[in-house]
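Multiple structures follow.
Each of the next two complexes has chain A plus one more chain, namely chain B in the first and chain C in the second.
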Partner chain A sequence: MTNGSDASSGGAGPVAADVLVVGGGMAAVMAALAARDAGASVVLVRRSPGATALSSGAIGVAPAHGATAADPFSGRPGPVDSARRIAAARPDHPYARLGVAVGRLEEALPFAAARLDLLAPYTGRSRWIATPYGSAAECALCQRTMAPGDLAVAGPVAAVGFRGHLGWDARLVAHGVARLRAAGAPPAEAVEIDAFRTEAGAVAWPHELARALEQPGAAEETGARLREALPPGTEVALFPPVLGLASQSSVCDRIAAAAGVAVAETVADVPSVPGLRLDQALRAALVAAGVRVVEGSLDEARGPSAPVIVRGLEISAAAWVLASGRFIGGGIVRRGALLEPLLNLPVEASEGGAAGFHLARRPSASLTQRERGAPQPLLAAGLRVDDRLRPVDTRGRPVHEALFAAGAVIGGHEHASDGTGLGVAMLTGYLAGRYASGR
Partner chain B sequence: MRVARGARSAATSSSGDPREDGAAPGGHERARRDTLTPVPSRFSALAYLGYRALLAHPLKLLKEPGSGRERFLANYAPEGLLPTSEDERRTGEEASACIACGLCDAACDLAGAVPAIRALGLHATFRLYSKSSVELPWAAAALDACARCTGCEGVCPTGVPISRIVSSLRERLARYPARP
Partner chain C sequence: MDDFDVIVVGGGVNGTGTARDLAMRGLSVLLLEKADLANGASGANSGMIHGGIRYMLSDRHVTALACRDSGYIQRIAPHLLFRIPFLLPFTSRSEARTLAERAAHYATEVYVGTYDLFQPLKRGKPSARLTPEELYQLEPGLRPGLHGAVTFDEWGIDSHRLCVLNALAAREHGAKIRTWTEARELLAEGGRVTGVRWTDVLTGESGVARAPVVFNASGAWSPGFARRNGFAVRMRPGKGVHLTLDRRLSNYGVALTAVDGRQMFVMPHESESIVGTTDDDYYGDPDDLEATHDEVEYLLEGAESLVPSVRRARVTRAWWALRTTLWEFGKTEDALSREHAILDHASEGLAGLVSLVGGKLASYRSQSQEVADLVVAKLGRPTRPCRTHEEPLPGGATVPDAGALAAAHGVGAPIAARLVYRHGERAAEILRLADDDPRLRLVLCRDEGIIAAEVVFCVRHELVRRLQDLRRRCRVGVGACGGSDCARAAAQLAGRELGWDPEQTRAELADLLELGWRERRAILDGHQLAQEELLRGVHAGVGRP
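Coming up: the complex of A and B.
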């Protein structure tokens, strides 16, 4: 088969590959890269960016269970240990479903960091990156632009806001970092600099700020103003996550060079510029690895035993990886009941005591609980898989020997809120790619 | 005055002849029965419907010529309502998958827009104003400002066909009745 990206795909002949991956986010790309790395030929069908593009831009794998704000960062367990603890405490979580294979996070995380060049190298311990809301996010991997702001190791910090930029308040960030002193965070102050204000008012959107900073000279000018505004003794300037729209952007380094201080970003809320960068890096990694990418949606399919047609292109593959996401990506939909729309696989709405396929047939409104912290079966809904990541039927048997699932389409975890979303995507994507390629 | 046969027989069976037994215990029963809405018999109902279908409605159509669409517009256009085609209905359903994540804003040019519209973004504008026909004119400035760059194609994580929705809304807006 031919390698490389194929956006148009019209008029081409039938394509045969070893592995077909369905999805456009982190899990899908990890599966494609892992299968390709194992020597398989891979086609990836992608409708659009996945929910990965809406993520904070850093990769949370497993928050340390039960740690309080005062526990020192240095004493907390690393991401893989924390993942094992989650597996032991939550039997429905994908980490638990995988059994001993959860330990292969030790392979999957360095693999991802090596393929996605915007990520800082995996160190085996968690990094603590400030959020726009004055807390710290525990990340197993983060973007290079975030790494200097790791609160576990950074020296005195200044949170640097652009005056008038809504949605990122330097004082809120500095105050939040200062409250984490007991855990080992550095002292923090807030400063604001004037930049990119138009006559009509401040530049409103994060992506517009990011684009403005990429203009020639803009980063240098920002650096010069920062040098004037910085309190003495500052070692790291903590910026809003807008330092360049491109995954290869040099804005962060240019500001640092002009200001003479280390520069880092916080993680992002939506709309997330680091999320957009992550999506860009995923696409670049697919091209670099020689995965054939077909842009289009898969509306009808019968699984690995029959070929599918995507925008006129007939694709057949011996093994499939379904990484179609949950409610955002459309891997799981609510149409009166919870459904997996592509192959009509049984959906389990669960986490905690009353897990079961029967729940998925109940009205969605009955699957949420009023108390926010309580388990929400609706938000943890998805496929149930065996320890080889094959979706199972209502009797617990694999639906197809060569059909695998990865990422948020697998249920049992609230991927948007429990801090394991992208970690599950990386691990299950990596393993599903390996299993699908027969290794 | 006629009342439904069922109601009468139920009342009479419980209290004998209501005219002779006005006081207790059927008194309440009787007072309630008098306030019941009269229900036409099956025959008179069918006869009335037949009269409407065969005589009154054709005569009315003769008096008010024009297609169904024209008559719809005559009745509802002053209220800002437009007939919805099957295509437009499907477009509306597709638009409702928008989760306001803003990914399309990063890919959207909106070159000709005034700052207020630029700040809101195209997707927010169509999401806010396209649900109700009456509010559609408020989206006009944003729909006009769309440069048709198709940058939004294929960036929506929930699969909303944004450029198709924008052209559909623009078409609908062009047919929008002017205020009298």
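Coming up: the complex of A and C.
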């Protein structure tokens, strides 16, 4: 079996693999890597980059339940304990569905950090990374460029704004960080450096800023300006997350070298530059692990019992991992009613505290709550799985012994906004890959 | 602020229009609005200065009035209006038309032909009878099997901005405009009103303003305001829901029939389409309105009957307001008169208090003039004559060439076009802000054509107190993405101008997003659900401690 991407596979002979993974995001890649790591041959079919590319690029696993801004970072439970608490509090959450296996986050997180080289090492505790709103995002894993900005350990920080660019407000960040002093955050100030004062106003979007910083000399110049602007005693300069487009970008290090201070990115609004970098890293990891990637859609799939054809290529696999995402990924859709379009698996929704497959046909307004910030059951709709991550039918039995689900296609969590999305993707992807490979 | 000639309660089109008229006549005016300008039906309507072709049989007077005033509005705010020709396609149940259907089509042609008599009043073009071939040439996307169509000409408008411009004009003539300030209590003495006790709902500040005349223009909130203050305003509030779709489905407005035989329409507006509207009696709290699943399906089903592609488009918003129709028993909602009535509450022991009920957006100016005449009569003192049909609204004296502006200031032509549409000749002022500070060229929304300079201009000059006010000034947060790109940037810009601390900036952002969410709850389906998922990710940080 050949390795790497296989975008134009029309006419090629049938492919047999141990595991077929459907999807292109974090859950799919973790499943493929975990299965490969267990010795299985793996084909991954994706129709596009997964929604991970649209994420903040930092990995929240389990925001500490009920913590307030004043609770010290140091006293808060680590990601795995927090995940256990979420499992106890939210019986529909994938962490709860997994039972004791939620503890295998202790394996999944270091596994991911080791294979995605842009991630900083897993330390067993959360890092607290500033957001553009001045809040702190709890991250079990973050990109190396974000790690020096961990508010739990960083010395005095300066939030850096570009005088020429209004899309990012350093004062909002500094004020927010300063508010977290009681939790152990460092003192914070806002500074502005003279950059991006362009006549044409062309530099408007994060990826454009990132590209501009990759121009020769741009990082060094930014660093030199930063050195002049920094208040004395600053140990870390917090930048908007635009320090280079490439997952191996040196922009961050070059600015730090020129400024003589540690440089870190905050997490971002999505879609974000770090999200794009994370997607690059996922693809690189697939290649490195020898996963065969086929670009295309599955049509008329029937699950592991029958071969499937993707752009003319016939693929058979004994086990499948469905990691097709939620609404952005297209793993779950709503066309008058909620459905899973690939295998027509039943979709579970919840309303007023009750959950059930029959609720998938309820009007969208009935599956939402009036307050935007309240939990929104419609946005948590998805497959229901057993403790081995097998989708279950309306009577609660696995649909197929060797069909597994991973990531946002599993319901019970609002993956885009409840802070557990990428954590669920990592854990369920890792476990589904292991289960599918027979380990 | 204490003593005025007149206090106007309500910042809709009748309140702002009357405040402008009275201020231009030289009277001292206070306008109180408990939320923002154009917050109710004056903003969330079909956005048409239409001549009321629907009312030609029942209320011919309404049609004539609407057409004449439409002509005046074109004169005073030429930039804000755009011609929107409507097609009224001829349908039949089976392939061949029955005799009855032929007769009905002929009758429609005659009816629209009669409407042509009113068209010169509003610079409308006469109707045309289109053969099926001509119809499909103009609108290839209509469902097959139509028997041609007849056209009629109407005008579209940004009605939020119409209200804002009236309020700004009133202010320029000395009126005091207080938004987010509620008239809590009507003060009276010896059978006469003497003023109003008000509360600023943002700061909590309260006070008393005195005036011998109070004009109640609080629209759907009128019955409640009246009840709390010992007088009565009766109306049949009619809930009207519109849908916005993410793309232009047609080049022209298409008039069509809903499943229950009611008239409705699909209409292009800038880069979107609008489908409207429902009309149902509403008995609840006017502040607690939302669209329902049934209303959304009703509109889509009706639109689909002639424009099948509505089912492929993404519904981006469902929005609503209450028509303040005159009270009558025994009529269906559609059959209720669109006439307006001015109520004098002297007989209820409140001399000096007048209320306006009913009426049409298109006739707001003449309605305002009528009220202003009455107010002047009550004050019993000579004033200048009404000039609201002659003097341009702010920015409306000339319509600059958008292409020339774009070239002169180095912005994209679509941006300049939207600026001219919204601001008329003040577009040049906005672009000068961007000349002075190139950062203000930042494009906040490529779809709605919003640049940072426009946000700054609106915040500085257009009675903006909250971030959500920018929805009604320059469409921040109302486009097809629901504010993915513009919301945080606009919050930062507004926060800098208005001196908000970061807490308040975040609170304002959350408030803006909340309004958008309410408009989407009933329409989350298909691709819009993916869009919602993305948007929730975008703003996940807003609610975090």
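Just so it is clear, the second predicted complex is superposed on the first by the 430 of 439 C-alpha atoms of A that agree within 3 Å, B and C clash if a C-alpha of one lies under 4 Å from a C-alpha of the other, contacts with A are read in each partner's own complex, and residues count from 1 in each chain.
The rule is short, and it goes like this: a residue touches a chain if its C-beta (ideal position, glycine included) is under 8 Å from a C-beta of that chain, and two chains touch if they have at least 3 such contacts.
Computed from a prediction, not measured in an experiment: that's the story for all the values here.
A.B. asks: Sticking to the clash and touch definitions up top, decide whether chain B and chain C on chain A clash or fit.
C.D. replies: Aligned through their shared chain, the two binders clash on chain A.
A.B. asks: Looking at A:Val409, would you say it contacts chain B, chain C, both, or neither? Reply first, second, both or neither.
C.D. replies: neither
A.B. asks: Now for A:Val308: first (chain B), second (chain C), both, or neither, which partner does it touch?
C.D. replies: Neither partner.
A.B. asks: A:Ala158 in the overlay: touching chain B, chain C, both, or neither? Say first, second, both or neither.
C.D. replies: Touch status of A:Ala158: no partner.
A.B. asks: Please indicate which partner A:Glu295 is in contact with in the superposed arrangement: first for chain B, second for chain C, both, or neither.
C.D. replies: A:Glu295 contacts chain B only, not chain C.
A.B. asks: Considering only touches as defined above, state whether A:Leu54 meets chain B (first), chain C (second), both or neither.
C.D. replies: both
A.B. asks: What is the contact status of A:Val270 with respect to chain B (first) and chain C (second): first, second, both, or neither?
C.D. replies: Both partners, chain B and chain C.
A.B. asks: Kindly classify A:Leu245 by the partners it touches after superposition: chain B alone (first), chain C alone (second), both, or neither?
C.D. replies: first
A.B. asks: Report the partner of chain A that touches more of its residues: chain B or chain C.
C.D. replies: C
A.B. asks: Determine, under the contact definition given at the top, whether A:His175 touches first (chain B), second (chain C), both, or neither.
C.D. replies: second
A.B. asks: Both chain B and chain C contact which residues of chain A?
C.D. replies: 51, 54, 198, 200-201, 204, 270-271, 328, 330
A.B. asks: Help me check something: in the complex, which residues belonging to chain B touch chain A?
C.D. replies: Listed in rising order, the residues are 99, 101-103, 105-106, 115, 118-119, 121, 154-159.
A.B. asks: Along chain A, where are the residues that touch chain B in the complex?
C.D. replies: Per the stated touch rule, the residues are 24, 47-51, 53-54, 198, 200-201, 204-205, 207, 245, 270-271, 273, 276, 295, 297, 325, 328-330.
A.B. asks: Which part of chain C faces chain A closely enough to touch in the complex?
C.D. replies: Per the touch definition, chain C meets chain A at residues 290, 292-293, 410-411, 434, 438-443, 452, 488-489, 492-493, 495, 501-502, 505-506, 509-510, 513-514, 517-518, 521-526, 529-530, 532-534, 536-545.
A.B. asks: Could you pull out which chain A residues touch chain C in their complex?
C.D. replies: 51, 54-56, 67-69, 131-137, 163-167, 169, 171-172, 175-176, 197-201, 204, 267, 269-271, 326-328, 330, 333-336, 363-366, 368, 370-373, 376, 378-379, 414, 416-417, 419
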